[in-house]
């Protein structure tokens, strides 16, 4: 399936864009998506930590993703 | 000796004035002054608590007072 | 830096905040007291604050100095109003600026807690049908 | 009552304070973040804040609701700035009003601590000779 993935902060800079489009297996888990992205963008592994959000909620490793979902890569936050 | 005593808050109202003048023994202690004032103004005993200040510092019961000192009766504070 | 004031004029929160802010402070904590319209289910008409001025200023300065001894802060401001205050007016404002927020929070809370215990200022609540010096009676 | 905002305009502390104050709140605690001119001994030129807007607002509203569940407060306001900020400008302001001060202090501190952990906002520090996304690297 084709997935649109939002990137913020340093993840946006690593992607080179605020939204990227990738082809992944159907119903990929958040954990598998992380691995997939780290293959495609090895620099992600240098981040101290980052989380995946599905539909504006932090995702667990096992959470499944459909092509309808809004997926985002969130580096360690630093607001305030 | 003659002593001028400042009264604040309800103590001022009990004294009927912001400053009263009283005749007390030389070098009276803060504790003895309290007793003297409570004889003169029995209503003071109804206060939940009050302290004596000598020269703008809270006094201990044994602290001695001279006629040069600025003495004040401070009911429980309630600022803020 | 320390600014301590007893004033009969309205306390200006923005001026206080501007005074404590600076390029080396990342966290500012501000406590604002406000006159409530009701206490213990009695409707309050107004408050009257009275201070033993010289001693109150000494004690407020003492609190400010203690704060500098206890926490890494850059600036502290303590303003207390005296006289007659209407509902919604500000009797006290304490603002603390520090490089990091933990010190600002801790110091600001310490300052207001200590002020309420040790600074010789008294408040009379005036109701429709009477008045009470707060905390004076058992 | 809750007011939560992400804004590209300067945060107005007085307007925020006026919004949280009311006749039934005796204690107001306000936390103000400020852009420092130096971090880790590097001179900061400016900050750039970026947010995942929809999620950030959800999380900020969630913090505000948690505060009402945890403490007896009357009003909470959380404003966060995004875009480019100069030294001394205000990235974040949290104001909490409660009948009594303990709840206002506790809630305000909880809100800023939680915001810094969970709200998807990122800050880039720009120096004379480079830039860093704060907390992104080990």
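Which chain is which? They are A, B, C and D, in the order written, and residues in each are numbered from 1.
As a working rule, a residue touches a chain if its C-beta (ideal position, glycine included) is under 8 Å from a C-beta of that chain, and two chains touch if they have at least 3 such contacts.
Computed from a predicted model, the values in this text were never measured in an experiment.
Leaving out chain D only, with every other chain where it is, the touch network divides into A | B, C. Chain centres were defined as the mean of their Cα atoms; on that basis the chain farthest from chain D turns out to be B. Centre-to-centre separation between chain A and chain C, using Cα means, comes to 48 Å. Look at where the CA atoms of chain B average out and do the same for chain C: the two points lie 26 Å apart. In chain D, the residues that reach two or more other chains under the touch definition are 33, 112.
Looking at chain B, no residue sits in touch with two or more other chains. Touching pairs of chains, sorted by label, consist of A-D, B-C, C-D. On the chain D side of its complex with chain C, the touching residues are 13-14, 17, 21-38, 87-88, 97, 99, 101, 104-105, 108-109, 112. Only residues 6, 8-10, 12-13, 46-48, 53, 56-57, 72, 74-80 of chain B touch chain C when the two sit together in their complex. In the complex of the two chains, the chain C residues touching chain B come out as 33, 49-52, 54-56, 58, 80, 91-92, 112, 115-124, 133-138.
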